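Common to both upcoming complexes is chain A, partnered first by chain B, then by chain C.
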Partner chain A sequence: MQFTSYSFIAFLAILFAAYFLSPKRWQWVTLLVGSYVFYAFAGLDCLVFILFTTLSSYVISRLMESALKRENDYVAANRDAMSKEERKAYRARAKKKRFHILLWGLVLNFGILAVLKYTGFAVYNINSVVSLFGGKGFSIPSLLLPMGISFYTFQTMGYLIDVYRAKVTPERNIAKLALFVSFFPQLVQGPISRFGDLGAQLTAPHKFNGKTFTFGLQRILWGYFKKLVIADRVLTAMTTMLDDPAGYDGAYVLLLIIVYSIQIYADFTGGIDITIGIAEAMGIKLTENFDHPFSSKSTKEYWRRWHITMGSWFRDYIFMPISVTRPMMKLNKAMAGKFGRVAASKTVAYIASGVTWFVTGLWHGAAWNFIVWGMLNCLVIIVSEALEPAYKKFHDRFPKLTASAVYGKFMSVRTFLLMGVIRSLDCYGDVGLTFRLWGSMLTFKGFGAIVTGGIFDLGLTAADWLIVLCGIAVVYFVSRASARASVRERLYDRPIMSAALCGLMFIAIIMLGAYGFGYDASGFIYGDRF
Partner chain B sequence: MEKLIRILTELHPDVDFATAQDLIDDGVLDSLDIVSLVSQIDSEFDVTIPAEEIVPENFNSAKALFDLITRLDEE
Partner chain C sequence: MKKRIIITVCAILAVAVILGLLQALVVPKYTSNAEGLLTGEYYAEAEGHDVIFVGDCEVYESFIPAVLWEKYGISSYVRGNAQQLTWQSYYILEDTFRYETPKAVVFNVLALKYGEPQKEEYNRMTVDGMKWSPSKIGAISSSMTEEESFIDYVFPLLRFHSRITALEADDFKYIFSSKKVTHSGYLMQKGIDPMVGDAPTDGREELDYTLPETSMEYLEKMRELCAENGTELILVKSPTNSWAYWWHDEWDEQVREYAEEKGLAYYNFIPETEAIGIDYSTDTYDKGVHLNVYGAEKMTDYFGRILAENHGLAELSHSEETTSAWQERLDAYYKDRNS
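Take a look at the complex of A and B:
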């Protein structure tokens, strides 16, 4: 059941009614049933995997809770008899034991994800090596990839790590944990929530609130506008260029980079708007996943603003733990003695970044283009970091220029294009082909054709492009206005204006949304991939 | 506390760490600084800061960081 289907709208209407009509203490059960019904539409066999993740995480979290309680009880009972060193040593041993329990949970769940998502990729690479020696290789298995498995696995493993770190109290009701794992709006494409932020909200009673409900519906409408009016309309142009990449080289590559940036922004942020809107209508506040990413002035800033919950997951659960492991600390100290503290810390941070971006790339897809995408992002961040002193000198030398609005816009456009170029690895799929096409951009081949009408030969008419441009303008102005203060809050005191704008948006979606032959209003880019 | 202020000032000589309150939220300390700090605190205070304690609340000010070091030393 796709977000953009009529059946989903009907499902949502029934669920909202059932949720608010349920007795307050059973609302979360309604939500759980609704989430499983939604998930069952993706295939009953998918349910087995999400149930396994729930059950295994429940058992592991409870085992860690018991171990921590024993540890705390022992320390409390023997506090006076133990020296500080003995206490620390005991804590370290106890933590190691808890870590072994955690490891079971991580291996089991990431293991399932690895087998289902990466077996084909592993066999493909083995076959490539085997073929070098004249071997025939193995057939690539076609395994079921349950909907949202990357998202719910990462969200649930984050919960287990938080329990291990004693940052959250484990959920004792397995059905309530099941709701956290399967909360349906998030299953398609995130955001990846933390148990500390979401767990209690999901199971708390929520009285119907007209304002919150209206805000939720408005956010859903806004998401559909981005998805159907902008993202799905430019899809045809993308498909045309990607069907014949060699034919659409040169300046067309730059065009594809810009169009894909628009498409993925409208598609992904639109999907997240729908997700957050659904939760908001029921009084549940999800973590925001975007913060005006295309206004970023550097790659580092971009990754603080784009897919925020994924970035913070990788930072908190991969980058930081790697940076402070014993071997890394030893390396840091050893290098600090020889090369100085800054060089030592940079080396450690760069190694940790490399591992983190490798995993981030692999998480995005089981293919080399995603791994190269991750490593290129890492490279750009490291180079920017290394050039920081030079930037500082430049800023000190030209303070007026670098503080000007024009320079700020230049930095934003530069970051937009740089991220767009790297992101095009998503589209072409083939690393070698992508590199060749990047090279062809320098020839500007096809630029004349594009400006003299070639842009209308990509499956979109002048009217289509006009709709897209108007859509982008609306998103841009709303985005700018919302950076200052919530647009919905400001409109709330003007109900007629608010209703008129929502009505206009609804009409725009109905009349200007991309439907019918040649359009695919079914999937989301992130939802389909994960 | 003086020792900690000295370590922080070595990282960013232009920041007044005695009064600064939003070191992470304002982007004064980045991940590279944190890696460096954790290593130096380990050497100078003999306190290991685990990954779970690397959160903005613990690094937003010199006082918060000092409180963290004291707490970890006591545990």
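Take a look at the complex of A and C:
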């Protein structure tokens, strides 16, 4: 059941009604049933996996809780009998035990994800090596990839790690934990929520609130506008160019980079708007996943603004733990002695970044292009950091220039293009081909053809491009306005204007959206992949 | 709060009206391809017919109600559409019985060869014009291809919204009305495009010559519906027989056996082409696939005699009102034919 299907709209209407008509204390049960119904539409087989993740996480979290309680009880009971050092040693041993319990949870769940998502990729690579020696290799298995498995696995493993770190109290009601794992709007493409932020909200009673409900619907509408009017319309041009990448080289590569940036932005942020809007309508506040990413002036800033919950997940659960592992600490110490503390800590950070970005790439897809994509992002960030002193010198030397709006825009455009170039690895899907096409881009071949009408040979008419451009303009101005203050809050005090704009938006979606018969209704990019 | 509710309700109503107008604007007007208007035209004269024709394109290009009235005094209407599938014919017939009870229903059997929904555009042309009723719901549900959605039929705007970027002058001209294109369901074709060479002797090969179960089930439902209403069901196969739409002997045999078993009349006019007087150098507008008006007049005359002589439809009495209405239709028919 895709977000853009009629059946989903009907499902949503029924769920909203059921949610607010349910007795307050059973609202969360309605939501749980709704989430499982939604998930069941993806295939009953998939339910087995999400149930396993729920059950295993419940058991592991409860075991860790018991272990921690035993540890605390023991320390409390023997406070006077134990010295500080003994207590510390005991705590360290107990923590290690809890870590072993956690490890079971991580291995089991990431193991399932790894087998289902990466077996094909692993076999493909083994076959490549085997073929070098004249071997035949193995057939690549076709395994079921349950909907949203990457999202719910990461979210749930985050919960387990937080329980291990004693950041959250484990959920004692397995059904409530099941709701946290399966909360349906975010199953498709995130955001990846933290139990501390979402757990209690999901199970708390929510009285119908006209304002919150309206805001939720407005956010949903906004998401559909981005997805249907911009992303799905421009998709045709992208598909045309990707169907014959060699035929669309030169300037067309730059065009594809721009078009794909627009498409993925409208698609992904649109989907997240729908997700957040659904939750908001029910009084549940999800973490924002985007913060005007295309206004970023550097790659680092871009990654703080794009897919925020994924970035923070990787930072908190991969980058930070790696940075403080024993080998890293040893390395840090050894380097600090020889090259100084700054160089040592930078080296550790770069290594941790490398691992984090490798995993990030792999998370995005089981293919080399995603790994290269991750590593290139890492490289750009490291190089940018290494050049930081040079930037600083430049900024100090030309303070007026670097403080000007034009320079700011230049930095944003530069970041947009740089990220777009790297992102094209994602859509071409082949590392060698992408590198060749980047090379061809420098020749500007085909530029004349594009400006003399070639742009209209990509499956989009002049009217289609006009719709896309108008859509982008609307998104741009709303985005700028919302950067200052919430547009919905401002409109709330002007109900006529608010109703008129929502009506217009609805009409625009119905009339200008690329959906229904005759369109190849596409799922969300992130939903399709994960 | 009250003010907000009033504003919201007003906004919803305004949006509904605007979308209603936009829907009227973007739905196809079929001005260059009149085949999409056939179903809807029936309701303007939906009463008092002695005979109702149902079936695919062969039926609305072979039988002319005006000629049937002129020569035999039989009041008839053709409820046919391009590639109208057997279940669509059934539901259209069911729809017809909501308005009138004809003495006979004539079903052209070519569509029996289709056992599954075929093309969305043909579904649309047949079903969109039907007035809302359980019959229309049945027609939609049984006809949809996998890619179609029922809601697209309820709100055609969802299907045709993309036409907003391809509107033509006729979309504005016919926003609240449509052009009348048929003569009691007969779609006149005056062009002549003769058949080249000898008539084909065989058609496209089929993997299986058994008529699909679904279409035969709906034929049976049509028979039962007619029997319940005291209406005679007559099966016909129009005389045209092109390579792409070949009527195979195996199919003919199955229909003949069915007709015999159920006591129905079945006329296959393919072998009667000469007796009817059809000359494919002058009586077809598309190289023998369909008859033009000159061929259809011959066919109607020939079949009219059969209806009158074999099916008790001779010397029927009609009210003055009916007679005068038919005179007007006849005048319109000849005006169009001779223009």
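Definition applied: the second predicted complex is superposed on the first by the 526 of 530 C-alpha atoms of A that agree within 3 Å, B and C clash if a C-alpha of one lies under 4 Å from a C-alpha of the other, contacts with A are read in each partner's own complex, and residues count from 1 in each chain.
Everything that follows uses one rule, which is that a residue touches a chain if its C-beta (ideal position, glycine included) is under 8 Å from a C-beta of that chain, and two chains touch if they have at least 3 such contacts.
Because the structure is predicted, anything quoted here is derived from the model rather than measured.
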Specify the outcome, clash or fit, for chain B and chain C once both structures are aligned onto chain A. fit
Between chain B (first) and chain C (second), which does A:Ala500 come into contact with in this model arrangement: first, second, both, or neither? second
Output check: A:Ile192 vs chain B and chain C. Expected answer is one of first, second, both, neither. What do you get? neither
Partner chain in contact with A:Tyr6 - chain B first, chain C second, else both or neither: second
Determine, under the contact definition given at the top, whether A:Met241 touches first (chain B), second (chain C), both, or neither. neither
After superposing the two complexes, the shortest C-alpha distance between chain B and chain C, in Å, is 39
Okay, in this complex, where on chain C does chain A touch? 1, 3-4, 7-8, 10-12, 14-15, 18-19, 22, 120, 147-149, 151-152, 157-159, 161-162, 164-166
Residues of chain A touching chain C in the complex: 6, 210, 461, 463-464, 467, 495-496, 499-500, 502-503, 506-507, 510-519
Chain A-touching residues of chain B, taken from the complex the two chains share: 10, 30-36, 38-40, 42-43, 48-52, 54, 74-75
Quick check on the complex: what are the chain A residues that touch chain B? 84, 87-88, 91, 165-167, 300, 315-316, 319-321, 323-324, 329, 332-333, 336, 341-342, 344-346, 348-349, 352, 385
